[in-house]
Amino acid sequence: MEPLLMQADQLPQWTALAPALALGLTGLLLILIDSVDPDSSRPALLAGIATVGSLASLGLAGWFLSAGTGQAGTGGGISLFGDALVVDGMALFFQALFASVTALVVVASYDYLHDHPHRAEFYSLVLFAATGMALMAAANSLAVAFIALELASLPSYALVAFLKRDAGSVEAGLKYFLIGALSSSVFAFGISLVYAATGSLLLPDVYAALSGGVEGLTGVAAVGILMVAGGFAFKTASVPFHFWAPEAYEGAPAPVSAFLSSASKAAGFALAFRVFVVGFPLDAGIDWVLLFQVLAVVTMTLGNFAAATQEEVKRMLAYSSIGHAGYALIGLAAFSGGAGGDVLGASMAHLLVYGFMNTGAFLFVALAEHWGVGRTFDDYAGLASRAPMASVAMSVFMFSLAGLPPFGGFFSKYFLFMGAIDAGFWWLAAVGAINSALSLFYYSRVVKALWLNDAVGEFELGSTPTALYAAIVFAAVATVLLLPGFAPVIETAQSVATTIVP
Amino acid sequence: MAGIFDFGPAIVLLPFLSFLIAVGTALSGRDLLPKGGAIPGIAATAGSLVLSVAMAAAVAGGEVYDETIYTWAVGAVPGSDGLELTFGLLIDPLSSMMLVIVTLVALLVHVFSLGYMNDDGETGLPRYYAGLGLFTASMLGFVVADNLLMAFMFFELVGLCSYLLIGFHFREPGPPSAAKKAFLVTRFGDYFFLIGVVAVFATFGTAQFVGTEAAPGFPVLAEQALAGEFTANTFLGLGTEAWFTVVGLLVLGGVIGKSAQFPLHTWLPDAMEGPTPVSALIHAATMVAAGVYLVARMYGFYAVSPTALGVIALVGGFTALFAGTMGVVKRELKQVLAYSTISQYGYMMLALGAGGYVAATFHLLTHAFFKALLFLGAGSVILAMHHNENMWDMGGLKDKMPVTYYSFLAGSLALAGIFPFAGFWSKDEILFETLIHGLDGQPLLLVGYVFGLLAVPVTAFYTFRMVFLTFHGDARTEQAESPESVRWNVKGPLVVLGTLATVAGAVNLAPVRVLTGAHVDFLHAWLDGGFSDLTVHHYAEIDPYSSAYIGGELTTVLLGAAVSLGLALLGLGLAYRLYAVPEPVEHTDKLGSAKDLLYDNYYQDEYQVYLANRVVLPVARAADTFDQGVVDGAVNAVSSVSLFSGSRIRRIQTGVVSNYAALVTLGLTALLVVFGVLGGWLL
Amino acid sequence: MVPPQYYLLLAAAVFCIGVFGLLTRRNALLFLMSVELMLNAANINLVAFSYYWGNVTGQTFGLFTMALAAAEVAIGIGIILVLYRNFHEIDVTEATTMRW
Amino acid sequence: MIIEALIGITFLAALVVMLAPDEYAGKLAFALSLLPVVGSLYMWAGFDAGGNALMAGSIAYQTQLDWLTVAGYDLQWFVGVDGISLPLVVLSTVLSSLAIVSAWTPIDTRQSQFYGLMLFMEANLLGVFTALDFFLWFVFWEAVLVPMYFLIGVWGGPRRKYAAIKFFVYTNIASLVMFIGFMALVFNLPVGSFGLPEITQSLQAGELSSFVGLDPATLKLAAFAAMFAGFAVKVPVVPVHTWLPDAHVEAPTPVSVMLAGVLLKMGTYALLRFNFTMLPDVATRPLVATVIAAIAVISVIYGAMLALAQQDLKRIVAYSSVSSMGYVILGLIAYTGLGIGGATFQMVAHGLISGLMFMAVGVIYNVTHTRMVGDMSGMADRMPITVGILVAGAFGYMGLPLMAGFAAEYFIFQGAFASTVIPSAPLFTAASMFGIVIVAGYLLFAMQRTLFGEFSLETDYEVRRAHFHDVAPLAVLLLCTIALGVAPNIFFEMITDAIEPVVAVVGGGA
């Protein structure tokens, strides 16, 4: 083993939180710079710091992951702060995911916000939200779960409404916020009920209490669990808490949409996986596997069907994002105790790949917005002849989202279906398959517009935004390379997921 | 040991080589070879003829040959060596005789083509000679085939060549249509043949005609199976004999198609659209002969199935009469000949069905000569008449083209069955065999005999109607006044064939043998040699027939010959009365309503065209509509329904955030209620 | 001692009032206030059961909830402000440029 | 390593051609596509495997490397060929090269993309036919769709977008259905990898356990049905065939060639590898066998009837492909040496002949700009050599002896007739054989009306003779067809060797 990897074991325990800390500190640093020198506009510096911060976080998470920090080989998860936080493989896996998406979004925003004030605020909000997500992945207590979720949500509201002179952005922010507020109250109330039934907020204790049976309070616990699920449904844009998503994604600045639909959704899943698997036994008065089956089926169906007939690419992506939430829910919907780690891992791997391909897709929309080519499918007609590289990348994202090889989305989606079948829920995979086929239809509409249709009118595209382009191409390359290089992803995901199964 | 038989494949390959040369010439698009590529063809067929004769000589010396020369494929059968699909050569009396016929006729047709095609300034000659070469090669391959599958393959290639040659003048509307019809109708027959081939393999595990002692051919196996010495696979729950009958009839389908027997005869008259030398080749020695030859080749298999034999006899007898009547009213020279061909092959089928193996082969032989002769003669006339085939435009050609006339006359006499021309002997033997076997309690054969007998005067009538209209009387058109002269390359073949048509009957003077006791039935002796299971007396042993006579063999022979000759003369005389006048007129009106029936060929074409155009095509169109509407409609409907439901589902997203809140609440409440009930803590 | 069920019922009632307000009010500020009610319903539970179970976890968490509620309101007010700027209205049902 | 080289070179060639300038793309693509041709012929020459790759036979040019582990199953880079796959590999490379040449004339926009995609597709096809690990195979299987979508959608006819999306979505649904069926099997086997040989052998050892209340027999039946349905779309068989005529009519000539020539064979290849090799006990159930045989017969007859009703030459050939694929199904379900061997041989034979037909129709279309039967006549007058080859090809399609189609169809008929698996096999066989009459009918009618008679053309394009490079691929295909017809053992011997174990499991007859 390399010396560097050895050292990860010998660091103090709290340093296990380094990936989250890196994000948070970078956010603070940006605020600091801005308050020291609020007027001067140094976009490259700000974006650079944000990028470095997120890459540092990614590096740390990656290092820890490969060094085995918090994993079975080095003594299991590292519990901190009275077990309120736990850093284990799954946390690190998600933190790496968040950091990657954050880096992409930050880089892309450099061009997207080229003549916009308040950049420092923007970057710091992104990083704070990412910090919240990183903590969500490590939350081992319902209290931390709630706080981390809010820490991720609150900056997100602001980010969505960031273009404050843009009615769409504001409307999106409003809807996101209002539904978010409602959901967080439901979530909080659910937590309070679970606490009422079990007397604890620490997940393992909750698990123990619920397994032992809570006489007289089964109903309370069950309602609580259901409401907690509602909170996650909001974060992951799952039915019935998905209503904010289409508008928020459509109205928000495209990089923010990318950030929300990829990282924020993944964060919701990270939390949901841990809370339900670690905290709620399968027989706690509510059959939550069945609950997630219902949610998964409804979510993927609604998302995909509504996406099928959209006129605007961004809104289509928004609905497709709901559809993918449905797929990812299979991780919980097909959870079956002992071997459930495999399907959880598949879901995690899907979220990782989704992080790249979906971010990339929204960033392409950002590019189109940057060029001002319009928002509908028709407006994209013939774009391939003028921006071939970006169009290739977009096609890669679309096909990958549809689950076609040779792209990462292929393996992740099929491994997910496989996990469902393995757990005996072949019908879940069948519903997924129907949706997947439908999704191919609408994803290929984008490709069709880009490559098959001829441009309607003639107009010049503006200059090539280097950073945005770089982010898109990087996401595309990652999406492609995630097929041959899927081994570490799926193997890590499944092994770390297996360790959290009680 | 390099015997003559080692050159067997060369018989087939030589014409094939000439085909390749001609194709090469055609592809080059330049005039690389003199005579448009005829020379290689002539050389090749001549070579084949020489080899064939040499083989016949060897066979006459008592040698036979049956060797597998190429294993085409082997099908895996677990636990055994597998099913071998092979090519091989079978040279025995029957095939060596047929080889000589085919190569001889082919050679003569090649030579004749020099006059008919080259001298007439046709274009596309390399293509023509390529077709002839391949045609000859295919037919020769069929003749020497030592198993049914190989026979089928060359049988089909013969069909292809007929398509190519009948449709030679592809720029005109008629020939391509006729070519298509020829291929399609024979393909319909071949469909049954192919099932038969498959069935033979499935039944016996081999399709060899002869085989070896250890692994006999399928005719022998069939015999053994019926004797209980061999277990053949039967299918569909049929008994052994019933199954053999089914298989035999299936193979017969191909025979009926190729030999233009009722009801698949309709392609043949249309095939007259092809160049006349091709018609000669098709009718005399190759394609049409192939069907009958096939039955003769596997006669041992049919011999054990009385039902199949009965069907063959009946189909043959009926066709002989049926086709003959249609020939009576035709105006075109070649049309008459076409129907005569159908009719004559009907005789051969009748003979085969009636146990007259030798008689059928004999007629095959004589017919090959006189029919080739008649076609080439007709070609000569047509050439002279600048491709006008209407007999009513001819007349009086007798003096202007004596060689053609006399040879044509010889052929006609043979066709009409007038003593002592070749056709008399063979036809008489057919009728005789049918009669004596029929008399022995085979009413079916007697029916066939009556058909055959009735066809005799009809044949004589239309033949001499043709002769008289063409050559006698006064010239009725200017063309007939001054016909084009023809050269040696036309006359030569006519003379050769005329001689043969006159004397070929001598090879099997069976009545003479009966009369005198002299062994002058050479063909009988010839066919009684070779492989013991393929000999005449073996067939006589296994076929279901025995003979009965009217008063004794001699009486029957004389009576039969007298009756058939008398009838022939009757027909000839009628033709003479009606048409051998300076200014003949059509007497068809006297036929009344039968005239239209005959002109329209008993509406055989009509009903087949009706089946194709009014039944099959509408069904196909209906299927297409069904496919587009229902099958594909279902596919499109799935897509439409999905998209429609998609467009409905998106309406849930009203844009009003209060509605969202309400829906969230409702959704959550619904989940609470459902899971409350399920979890047992609510209600 | 008041049995814990009563707290549950109280909390549920407060929660439902919040939901009711949320569904019926179109004013963004009232919407926000309804949400606050719902959060406070959670707080009632947390505090009551903290006492019931004899640990301070619930009470501590209640404090956090309040703090977060305040932060949420801060963000909310900001958004309502820009809403007013863009739509000249703080009626939440007015902003419907995006739908379906 | 040669398989890796083959696939790798083709991918690389695709990339190079994509980046090449449009003017040189066609020629460059052809030159580069010769490398895999040489490679596959080299593989053919040095082929020394025996038996079936899935049934413990020796595998030629095998490579097996661990790739990743998912849910406790190893997923490997596992490639190799046996007597079933090698002929298809050769077919893919040869046909790709020829299709590329045939594209020189008709493809006049975005050439480098076109040829790049063609090569990309070829690489994936090679992967499909050589992969021996399920997921690896599935990657290639699905990846073929992507280039095909573009090839139809960008360079196709007027309704290209409809046809492309229909093809795309329809076959994708099919893959998903098949995937579910197959996975349900794998997860109930005591195997540690997705290697097809391991799965096959475990299934045949009867190691399947029950699944969600389905006992192993029912599970097998369900999986068989799902897999059959999935592959049936790709083949395609009636009634899931309707994407095919649309795709063919809209696709440009070279793409039609690849679609009919190789892509359809993916379906039958998969049927053979999966359904018929892995689950013989299901396929041989009388009811299942009857249903499949009936589907085969209906495909043959119904497809041929549809072809009879068409006016568009390409549609005719497209529907006749449905018909021809029906024979393959019949041969497979026969479970005899000649039946399955013939079906495999038919994959190659039909690949060559349908490729030839599409190419020939394409050459005529290049010149006349119409494919409708009623719009032209007497083409033989103006394009004698093309028409000559077309006629030869048509006869090949009709099953003329000594051409590959006859050999294949004969093997199938012979194999199916004596099948002990299909109830009343002779009746089914005889019924399907009637297809050879109908095929002659529609091809002869179409040829008569378009090729022969007096020359006339509805459109006002100047009719030129075709270029040499248009006709040359036709000639090559024709020669290949004849070579395989005269000497089927070029492939049939190795095919027989590879399918014998499959037949032996059932113990079928000839």
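Quick notes
Read from first to last, the chains carry the letters A, B, C and D; within each, the first residue is number 1.
To be clear about the criterion, a residue touches a chain if its C-beta (ideal position, glycine included) is under 8 Å from a C-beta of that chain, and two chains touch if they have at least 3 such contacts.
Just so it is clear, the model here is predicted, and its values are computed rather than measured.
Comparing chain C-alpha centroids with the centroid of the full set of protein C-alpha atoms picks out D as the closest. More C-beta pairs touch across one of A-B and B-D than the other; that pair is B-D.
Chain centres here are means of the Cα atoms, and by that rule the chain farthest away from chain D is C. Rounded to whole angstrom units, the spacing between the C-alpha centres of chain A and chain B is 77.
Between the Cα centres of chain B and chain D there is a gap of 36 Å.
Between chain A and chain C the centroid-to-centroid distance comes to 26 Å (mean Cα coordinates, whole Å).
With centres defined as mean CA coordinates, chain D is found 63 Å away from chain C. Across the assembly, chain B contributes 639, 650, 653, 655, 657, 661 as residues in contact with two or more other chains. Within chain A, residues 174-175, 178, 182, 186, 246-247, 438, 441 each touch two or more of the remaining chains.
For chain D, residues touching at least two other chains, in rising order: 169.
Those chain pairs judged to touch are A-B, A-C, A-D, B-C, B-D. Against chain B, in their complex, chain D makes its touches with residues 166, 169-170, 238-239, 241-243, 302, 305-306, 308-310, 336-338, 341, 378, 380-381, 385, 395, 398, 400-402, 406-407, 410-411, 413-415, 417-418, 424-427, 429-430, 433-434, 436-437, 440-441, 444-445, 447-448, 451-455, 487-489, 492-493, 496-497, 499-500, 503-504, 507-510.
For chain A in complex with chain B, the residues that touch the partner chain are 174-175, 178-179, 182-183, 186, 218-219, 222-223, 226-227, 230, 239-241, 243-244, 246-247, 285-287, 290-291, 294, 302, 304-310, 319, 438, 441. Interface residues of chain C facing chain B in the complex, by the touch rule stated above, are 19, 22-23, 26, 92-93, 95-100.
Residues of chain D that touch chain A in their complex: 67-72, 135, 138-140, 142-143, 145-146, 149-150, 153-154, 160-161, 164-165, 168-169, 172-173, 176-177, 179-180, 183-184, 187, 211-212.
For chain B in complex with chain A, the residues that touch the partner chain are 639, 642-643, 645-647, 649-650, 652-653, 655, 657, 660-661, 663-664, 666-668, 671-672, 675-676, 678-682.
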